[in-house]
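As structure tokens, the structure follows; a few thoughts come after it.
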Amino acid sequence: MNAFDDTLHRVLARYHGRAIPVRTSSQLSPDPDVTIGIATIKIVTEEQIQAIAFGELDQEPQVIVRLDPIGRDVQDLEPFAAFLGDTVVRAAAVDSALRLWVPHSVTLEALDVLGHRYWRNQTAPASIVRMGEICRIIAHEAIIPGQQLVADAAALLQDHVVTGLAPLEEGHLGAILAWLDPTVSDPVAEARERIRLPASGVLPNTPDCHWDDTIDRLRKEMKGAHGARRHLLEDQIAHILRRAVLREWNLLIEGRRAFLDLGLPSSLSGLVKDSNQRVRDALDNGFFPARSPKRLVEQLNVMEAGQEKSELAALEADAMLRDQAARAGGVVRGEVSTVRQNKPGFKPCDIEVSSDQGIIRFRLDDKVRIVGTNVAGVVRGLATAPGGGTRVCIEITSGVRTRNVLTAGARVELIREPYAFINYRSLGEAHTQQPWAFYSDSAPVLPSRPSSGQSALAIARAMRR
Amino acid sequence: MSVKGTTALVRLASNPGCEILGAMILEPGSEKRFYERVVGEPYDREFGERQSSKRRGAQFEQNAYAGDARLLREAFASHLGLAPDDVVVRNLLDDFPGTKDDARIARLSITRTLLKDAREGKPAPHIIIQPQLMLPTKPGPKPYFFVAPDLLILSPQNDVYLPGDLKSFVVRENELSKGDLARVRLQLGAQLLALMHEYDRFDKTAIIPASGMLVFSKPNGLAPHAPRIEDVAGGVEAIRIGIAAFLRHRQRVNDLRAGAEPYTVVADLQPHFQDSCLNTCVMAQWCRQRVAEAAGDLGDVAGRVLGDMELSRAFGLMTGDIEPADDHERLIARHLVDLAEQHSIERAA
Amino acid sequence: MSEEIDIEALKLQEAALQRQLAELREKLAKAEKGKSRASEGGRPLRAMVLDLLAEAGYPLNSLLLASLMRPLRGRDIPSTRFGTLSNDEMKSYDSSRPRPVYLCHCLTYDQGQAVKRFWARSDWPLASRIMGPMSGRILFLRGAAWTITLARAVDRGERSADNPEILNYVAADQARDAGLAVKRGEFPYDDWLAEIHMTIERFGDEDRATREKSAELLSAHLSDRDQLFGSRQPLVSLPGSSAAWRSAVE
Amino acid sequence: MTFPLRTRRNLADQVLDAAIEHALFGSAPVSIVKSPPGAGKTFLVECAAAVAVTPPAGMRVVIVTPGVSQLYDIARRLLQYRLPRLELAHAQHRVLPSDLVGRINASNGWNQNLNSGPGVIVTNAHLLAANFHHLGPNAFDLMILDEAYQLAAGDYLQIAYMAPRTLMVGDPGQLHPVNSADTTNLEASPHKIHWSAPAYVLDRFSNTPVHGLPVTRRLLPDTSDLVQAAFYRDLPFQSVVEPSERRLRFHIPGLERGLDDALDAIAAGKSLVAITLPGAAPMHEEADLELSDLIACIADRVLLRQAEWIGERVLSEEDIACIEPHVIAGGAIRDGLRQRGRAGIQVDTVERWQGLQMPVSVVRHPLSLPNVPTAFDLEAGRWCVSLSRHQIGCIVVAREAVHGVIDDYVHGCDTVAAGARDTTWAGFEAHRMIWNALRDQGRVFAL
């Protein structure tokens, strides 16, 4: 959405005192059978998790509070490790995809750091190492465009609605929620009051809620304390951390509910399949970060393919996005003016689509698809109509039996087919061949070849017709 | 936390148009106190660096400097083209510890000697820890900023040093938030500009590449990543623009205050509120009042799209209660009406 | 709303804790005072530093000295204390009553300026108090080696320490800082020492040569006082006089 | 031709000879030729191919192009040579352009009969990668990467082993491979596989032989000097164009101040000028319609005034390029041209103009926008392509606000990943240098 439209949506949202949806479809597939939530509280800058709430989203979460999160002892993480391990096994057992809800991206970062710290830690118990590995798999999948494993409540709401706040303020999940809660009469004031306390997986530290400083001080005192006093201090720390992490958990639950209440449909089966496959492979075979050239190229290609597929899936499902894309020629809307098909229902079949659009981004030999159908083809001709508009000639390559659109007068919307092809076999071969430019630290020295000694220009000149 | 030294320069570069910031830099004492004296109420939001951040920062530095800066020698060895054991380090905190001005000035003097030695081909350390530089803004009150990079690293290509900074925050692979990236690059920009001034004092021919180095922490404990070489030409220029703005603000504040403390003239100064102020400045809420009820309250972009239009006017254009005054308003009105119509239909549906 | 109530409750508990803490700190302070008197007979820092230097035989860094005071003497020394110690020592040198030995600083090999974090004794030859380019490394390694030797001696019962366990950890930290393999709870003193001595040998001769050469020059140029506390820093002129600001990149 | 021009051309010919000699007969497995706009890199590729297939070399040569349109162009050029073998392989679903049908041995996909004995095959990287099982190591004796700076290292990885020698020829100042995905983490990797193939190789092997073509045969000296200083600091080159061969004459005198002044300035030998429209681009539109219309008007006006390339021809619609970075604004320009009966004038994005040349180009200034410029707007490569397509004259069209956008710009320092070269800042510096030069030389004509 451009700056002008975005601004007008904000004006409208401010006027109505409610968030305004900017999508008619969801970027997220429905929750699968195995869906869990995680909320964390980390130590600022240290990035160590000091409290975690986790569990099924329709139940009270389990909570771990860590009295000494910087210490080496990781026993206190065992319940979380067990939960993650069991969840993965459960999903495999019922052959379900996984879905992890987090309140915002900071939770994911905290999990990734946790992963980095334990996935190869030889002194940690196996369950903790596996926990680290699962965390890394989750965080890695989360960076792939179109992935369907991680649902980030704040990001999803930001992508699907606009509020009457400044965009920067929408980074605060609590602030967006104020615009989605009908019981809030003044969402501007309410949102800005909420922003005083962070919603980013850290302890608040304002003059009226200085939990971070308090915990810091209590931990110092606990070092020298024993017996009853130590217990008192531990209770104090646990009490604050529990309240803080439950506050994050409740934000997660409310964020998810608010997003689901938007009631946006989705048709993302391709993305779900890809995402599930990647996650399943990693969970079964282990996490191996890309380091070799071949793996790096694969990873980049996976991300590029994900980007392309998710953009096209969104376009196909979302009329509002197609409106925007049509203005830029990414979608071509028009009417089937001619159908050339000698034998109905069979190839060869060519159609011509007349569109009013002056701007279209198709080129000859582009593979295209008719939105909402199984009809696909290749652009074989492009002609500008005298009064503006364009005529697109398409050789239909699949779906030739789909009469309702392969009929003169049918209204159609054309989009480009995603390329999104990753040639794993070719990359595998390249890895086997180990070309020096990528796999060696020094360039080979070739035996010089005898040259005619003649100038290249002279030779070329002599060969010219 | 006061707005001094590199922090002040970075803030100026990020919002050169803000006169309030100029006054804040001229005011002795903390930013929070400045707010409280201007507003007359205690500051009710989080303020200052968290204990955990301070502690980690200190530990990260301590680790990096320990054992004649063993970790730094290892981190910079390949950049310097030497074995870690052959890298020569000089920690100026050994020569003159402390944060008071006399210690800074002593370290400044040593730093200047070392910069000169290197240029003259005399033996000089490959890494200088806790050097001190100075960026003049003379003449006038606050005639200079102290700028203290964590490190100066001798460039293997020529005989000049480049600034380096240690950042204790965790970087997993290479992910940094845009805000952090901008801040650290502007810091390097300020350090590089100060370094240019130091060289300019004794050798106008010295060519200092527009780059600096950053050492982040790996996720595991306090181990440093390999140094990132940052291209900071844009940062240096932004800092120069910030300093030029400071000189203008300083002049304006001085003209107004007639010897009184800078905070006393804030009401007559021009703030330049932008969204990012909400994350960086104690005065943000106060300055924001100036755009309350106007389009700018919906963010920087809305401020540019609608100019200084009152929100009530935008609402009026949408409901038809206000007649558009010109083509621009007519167009806005038309789009708003369409949008309102579209969404009321959706709601009904 | 319930959050505010809860915060109030927390504040009350917090206040209670602070009271308890204040009492405890008072007790602790008294206890520590008594203890240090008992162990040190209230010896001043100056004397303890002179002893440790004599025992080490090399200049020591104030950070290391501070970290050794606690395990060896049960004393916590704030780092600022060394700053005043330095000033006191200069004053006493300038006073009419001379002392047999003074605490003094190492000097830079080129300028003869004080390196204030490195302490030495006035009765040592000047060459042993000079800091050449590599002396920082050598002195760190010698300090580390000496710390490990102390820990080993305590471990073997050859000498006493106020807190042997902490002394071991200080030694392990030094070994880690020197880049040696350190496993939690293991203290292979002899292996550590062997590795450290190898590195010292690598740079030792060159460093000694630099220091001796510099000592000759500095002893000829510096006054006796400056040979102990360092030559004066050159004056730094602060801006404020020039007509206008000009960027160096213009 | 003047003596200095001849000397420069001879020097350029020597570089070309040396580059080909090294690449085909030397001991380095990869050599790189950096070419400024219009230096004749395609001609170099032709010469290299000619030498390679001729005895004693007698090589099997594969020429790899990043896109299919370049592939057909190269094929057309090579058809002018008597090569022992000239083949073309493109994807299964593609249809050969009609002008090539029957003139070249073309294959949809790979077939076993291809690449047999000395000769040349022209294709692209994906097709080779898809057919690796037919090809294998050293299937070719020489691989020539045309427009190599547009080929991603990741694509090169999959074909690098197919020839023992590789000659990379490309323009380092123009657009590099576009990555739609976030490449932040790759910037910290020892393998910058998201970079272009030559940049990747030079990053890992800095001693790879590099030859810089020292001339441009397209740009007139005034444009050439500015473009070189702004975009090619590491690649010195000079124009070898004889200004007397690139003169424009208008048969109909101009009447409109500003607009016609700019066109007359081109006729007077200033090959790069700018026209500004008062005010700033409107915030509320996806395209600055007024500016788009002005671009159409200028293109139309060149023809209305019967511009003639002296000694060549009177210019027609095919001789004018409209270069617009944004697709939607491009549509608006097209509408304006259609309304003026000039539908034959081609309007396209910068990406599509890369590699092409026209006598006259009309270019929308990328910073003539209502918003604060983004990394996309400031990208140096895109601006470099826009300013280096013209053989005679380029008219940059902008809102007057561009003066302010450039004067008031403060760099945000947050557009590129940690450790990456700040291409956004480099782009801004190029913009500032170009605009200030136009302003200082009195080449900005206000309407």
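Here the chain labels run A, B, C and D in written order, and each chain numbers its own residues starting at 1.
In this text, contacts are C-beta pairs under 8 Å (C-beta built on N, C-alpha and C of every residue); 3 or more make two chains touch, one makes a residue touch a chain.
This one's a predicted model, so the numbers in the text were calculated from it and none came from an experiment.
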item	value
Distance-maximising chain from chain D - centres being C-alpha averages	C
Between the pairs A-D and A-B, the one where more C-beta pairs touch	A-D
Intercentroid distance (Cα basis), chain D paired with chain A, Å	35
Interchain centroid distance [CA atoms averaged], chain A/chain B, Å	31
Inter-centroid spacing, chain D versus chain C (mean Cα positions, whole Å)	64
Between chain D and chain B, distance of the C-alpha-averaged centres to the nearest whole Å	38
Contacts with two or more other chains, residues of chain B listed in rising order	175, 301, 304-305, 332, 335
Per-residue multi-chain contacts in chain A, two or more chains	3-4, 208
Contacts with two or more other chains, residues of chain D listed in rising order	283-284, 370-371
Complex interface listing, chain D residues touching chain B	184-185, 187-188, 282-284, 370-372, 410-414, 417-422, 424-425, 428-429
Complex contact set, residues of chain A against chain B	3-12, 14-16, 20-21, 43-47, 109, 112-113, 116-117, 164-169, 196, 198, 204-208, 212-213, 216
Interface residues, chain D side, partner chain A - complex	13, 16-17, 20-21, 24-30, 46-48, 50-51, 54-57, 68, 80-83, 91, 93-95, 126, 129-130, 132-133, 137, 154, 156-158, 160-161, 164-165, 179-183, 186, 189, 191, 193-194, 200-201, 204-205, 207-208, 283-286, 327-328, 330-331, 334-335, 338, 343, 370-371
Of chain B, residues touching chain D in the complex	13, 16, 171, 173-176, 178-179, 181-182, 185-186, 189, 214, 216, 228-235, 237-238, 241, 301, 304-305, 328, 331-332, 335
Residues of chain C that touch chain B when the two form their complex	61-62, 79, 83, 108, 110-111, 113-118, 133-134, 136-137, 140, 144, 173, 177-179, 199, 202, 233-234, 236, 238-245, 247-249
